[in-house]
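Next come two complexes built around chain A: one with chain B, the other with chain C.
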Partner chain A sequence: MSIKDSIRLPWSPAIKLQQLTGKYFSQTTLGTSILFTAAGLVWLAVMGLAALFFRLILLNPYNTEAIAPIYYSLLTLHGYVAMYILVPFLTIGIGMYAMYKEEGMELTHFDLVNVLFWLANLGMVIALAGGPMTSWYITPPLGLLQTTFNFYSGPAIALTYIGLFITEACITAVAGITVFDGIRTRRNKGKLSIFPTYALTFTAMIVFTTPFLMATLMWYTLGILAHVYVNPTVAFLLFWMWGHPVVYFVPFAVFGALYAYIPKFAGRKLFSEKWARWNLFLLFVFTMLVWAHHMLVWPLPVWIRGFVNASTLLLAAGSGVTVLNLGLTIFLAKRYDFSDIRGLAYFLALLGFIIAGIPALILPENALNPIVHNTYYVVGHFHLMIWTIIILGSMGIIIDQFLNAFGRIAPLSNLSLKSIRAGLLLWFGSFLVVGFAMMAAGYQGLIRREIAYPVEFLPYMQTMTIFAWLGGIGFVLMAVPAFSMVTRWLVMKYYSGVVEQ
Partner chain B sequence: MTKAGLAVLLIIFLGTAVMAAFISYNLIATSSPPFRAYPSPFSKYVGQPLGEVQVNQTALASLVVSQGKVNGTTNNGVILYIPFNWTLNLTVYN
Partner chain C sequence: MMGMGAASWIKKHGELTWFLVLLVLVGIFATWSLEEVVSGTSTNYRFGLPLASGVPRPLPNGTLVVNITAYQWGYTPDVIVAKPGQPVLVVLHSRDVVHGFLLKLPSGTVNVDIVPGTLSYVFFYAPNTPGNYTWRCSEYCGIGHSFMNGTVEVI
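Coming up: the complex of A and B.
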């Protein structure tokens, strides 16, 4: 008899904890991948609502400082949630799903991953509770000023960076565990199929790049608590060494899904699998070599400017090869299956990526960047990317994931399918208008982030706000049927006693 | 061959061509006279305030500090970029 058995108490915390984790923690790879993508959708709704509300504030060109704290808090929440938690959650969820679905690779550290998941969410809540108005760049001096935080004061402002540090540390650990467990449990021999190859590569990129952000956050914490000097240029460089790659985590993971599924919906092979595989190296390496193009109005030496101008164009060439490969695949097919909502989502994601990517070619050019630097042109470009390749691409994968997990006992009804289809089209169309309105206004000089602006830009602001709200309705049309599937599945399984085959 | 595929390819190639033209236009525009740095009416000591001076052109204006090193810049100067199509109203006090 072991010691544990001999001192068994009627109520033991360890056993109770085990019961709780057994009941509430996800214990399957598919379930855990849904935990991350579904949490991603919830955070998307939170940051989207924040954006819809500050868009209303922006309908007044004569805003004063009175409304600034609300506007900048919402704007910062929008950025924090998007970049610090939504993007990594979607990437990790897609990474887990890709390896599970295509190769049967599994997670094994379920309890640890679940704990890290909840801690990551908690860290974000701690960071947001202070009501930061730092913008997601958290650049000093703004990022270190007492007055930039609505609710934290004194040394407590460090809580924002400690919270973000907890979130990023947990995310980095989960990304590492996902790749590690996946590789360990792989049974198939030979080449890894294309979807998990891309999805896991960019899940691994979280591990390579997030430590730069964690170092910045730690530096700020020490700056606040121990008065360590924070050099703004070095801090900003460190920040962007994570801050640029992070924007590629989801798009490049989604590329894997497009490479795998667009050929299926087109009913033919991918135009060139060789291009797709070689391109991965280009995308992976150059993603980490372009960060300084965010600092073209900072005092950088000419050689760095020349280097990032060239490296960004090379990275753009990699994206060009991707869209050409996929475009040729669809072009050479007999038909493309738009009747499947996933086929439609992937097609719109591809189309949007092209439409959003081409106007960006002006941005890294050293001589031309000042024309559009810090204007709505940049905002229009990257939001179009987010609305299409990130959100619509992820939507395609999430619908597939939900159908796989819940579809057998809670299939989508015809009405749900129609609603999702309408949502996809409304979302795409509306945000195309918002994106181009932003770019047109930005090219004419509308500066981003400001609460007051020249009244001549009011029609652009009105267009952006109206179509953003329409796009929001599109999200509801997509999300309600998807989440109702989960609810129905829960009811069928746990209350009606339906057994899955 | 699908129309959707043709549309994707057309958007890739026509879009890139349009963007190349747009970039060329901006390169030419920013290196043409109205956009080039030109002598400022305020660069000499004027003694008395000039009052309002109408400069009916879009310009790249440089604010240069003549002595001392400005924190965070490598060339002792501060460069102010005026967005395209914006008007710069400068009031100079001696």
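Coming up: the complex of A and C.
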């Protein structure tokens, strides 16, 4: 036997890898879109549980510093997961689904996208393993201090930012691949339909804006490992150049679904397709011009604060046009089909967007912002947005997605439909109460991110906690039937004898 | 006749009309807001302005000037003693991380962030009603964030 024969492996690595990726990697656009949205729902459950637990801590207005590491770790996990992974995953999943469903556009780089997906998740685990207590804003210099981390010590605290960098780099790459593959595989000519137009535009926005975050994370890493000076104001401005656009990734992608499907449930065409298409330019451009409105109480020159005040109002006008367009579509319809759970989800998403958006109009105003900056008013506003347009809007799309993929294998039973409908309404109603309790408390001066607070705010905290738990039950009612469809599909894939219906 | 023409023009160009209406409304709102920003005429903006852009020059006679340092987790000094109606200028500095200064007064709210390396300024008139008015840190600054506060004593 030659030396070559003696070292030959019993199997070929290339073939083995192909078998593994073939078995465990998604190989369809629909499947990959579900990979991202389903992972988003899992991360949502994780961060939601963290919130429900830290809300219990807040039932005591006299907490001492002893509880602070637990509280701030849970709070940071909540914020990191929401903004750094959940939001981009939902955006990408919606973008892939929109292009597949409406235009037959396809991904082609499945193996690469799957690898990047898992790396993105791994990056988040590395980031959180250090027990960061930065809150999601990672404000410097707080985010650079060792005392801000529970488990990483010394130079290892940079691992949190390296982990986040890995996550964001992978997400940016997937977003770019999605748009690139989609455009390459487009078969139809003429205007792209409205849902993929919006969804892919805001998937592309990930590529435009996430590099700013990556630059911030790299700067922090160099600050920790190489003692490079990190200017707090410049670093924070750089952070917000991603930090504001990120809040629009999902809402504006969901706008596309609302424009496409609300007319169907209203039984008439969209009031103005032209508004919807013109508006896209305004939303895309101005999203990236408003970021410093998060720093209106910082020592910034007056001209910057004036600029972002005005540009935010212009962006708000764009959102207002969307509300007017969809509102008129529903108002001028003979009836709206609430019996379809997707129709209900989209309607609640739109209604929630209006309810959450109106109180926010004071926030970009330089004159009024100081009354509520860093109070629960802001927390209530953005959470109302998240609970409605982001989560309920995404749920409508995810239900559509799951029915498309699994509907023949596991169609939703009457019990499932009732459960999802009850869950949508319980989630919406409960979180409306939480959001308004937050805004009322914030207006009266309840500061965010505190573990001890004036006792007069205790009734507000109790209301928030009770209704948040009710909303959590609503999530279970929605998510269990949806995930049961995935479960049945998995069973069918791995066990013989289970057939499609 | 001209009215009928205008009405039918608006009906035909509905979308453009609404865009123009919105543009005008936003223009008015934004211009008003910009004018406030530049002149500092609104109540709260005058009362809490980083970079000293709203501090009156020259300072009114009898202004109490207080230099405060914020740190993890407290303020030095953490008490300001003022007479009713007395003008107060607070110059804020941080020696470690970003802190906040949120003070709710009967006449308005003061809310500024204190960024290491830059001074922040707060100018207000002490309330006419004697009493204690508490300020708190509004910017998350670590595990002691909830316990950072100070008092304006008006006597």
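The rule is short, and it goes like this: the second predicted complex is superposed on the first by the 483 of 501 C-alpha atoms of A that agree within 3 Å, B and C clash if a C-alpha of one lies under 4 Å from a C-alpha of the other, contacts with A are read in each partner's own complex, and residues count from 1 in each chain.
Criterion: contacts are C-beta pairs under 8 Å (C-beta built on N, C-alpha and C of every residue); 3 or more make two chains touch, one makes a residue touch a chain.
This is a predicted model, so every value here is computed, not measured.
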I'd like to know which partner A:415 touches here: chain B for first, chain C for second, both or neither.
neither
Touch test for A:362: chain B only (first), chain C only (second), both, or neither?
first
When the two structures are overlaid on chain A, which partner does A:266 contact: first (chain B), second (chain C), both, or neither?
first
Which holds for A:226: it touches chain B only (first), chain C only (second), both, or neither?
neither
Kindly classify A:324 by the partners it touches after superposition: chain B alone (first), chain C alone (second), both, or neither?
both
Mind working out whether A:14 is in touch with chain B, chain C, both or neither, as first, second, both or neither?
neither
Regarding the shared-chain residue A:336, is it in contact with chain B (first), chain C (second), both, or neither?
first
Name the chain, either chain B or chain C, that contacts more residues of chain A.
C
So the chain A residues that chain B and chain C both touch are 232-233, 297, 299, 301, 320, 324, 365, 367-368, 370-371, 373, 375, 445, 447
What does chain C use to touch chain A in their complex?
14-15, 18-19, 22-23, 25-26, 29-30, 33-34, 36-38, 42-45, 47-48, 50-51, 53, 96-98, 100, 102, 104, 108-113, 115-120, 136-147
Hey, which residues of chain B end up touching chain A in the complex?
1-2, 4-9, 11-12, 15-16, 18-20, 22-23, 26-27, 30, 72-75, 81, 83-86
Counting only contacts in the complex, chain A reaches chain C at residues 63, 65, 68-69, 72, 133, 135, 137, 139-142, 145, 147-148, 231-233, 272, 274-275, 278, 295, 297-302, 305-306, 309-310, 313-314, 317, 320-321, 324, 365-371, 373-375, 445, 447-453
Per the touch rule, the chain A residues reaching chain B in their complex are 232-233, 266, 297, 299, 301, 320, 323-324, 326-336, 338, 347, 350-351, 354-355, 358-359, 361-362, 365, 367-368, 370-371, 373, 375, 443-445, 447
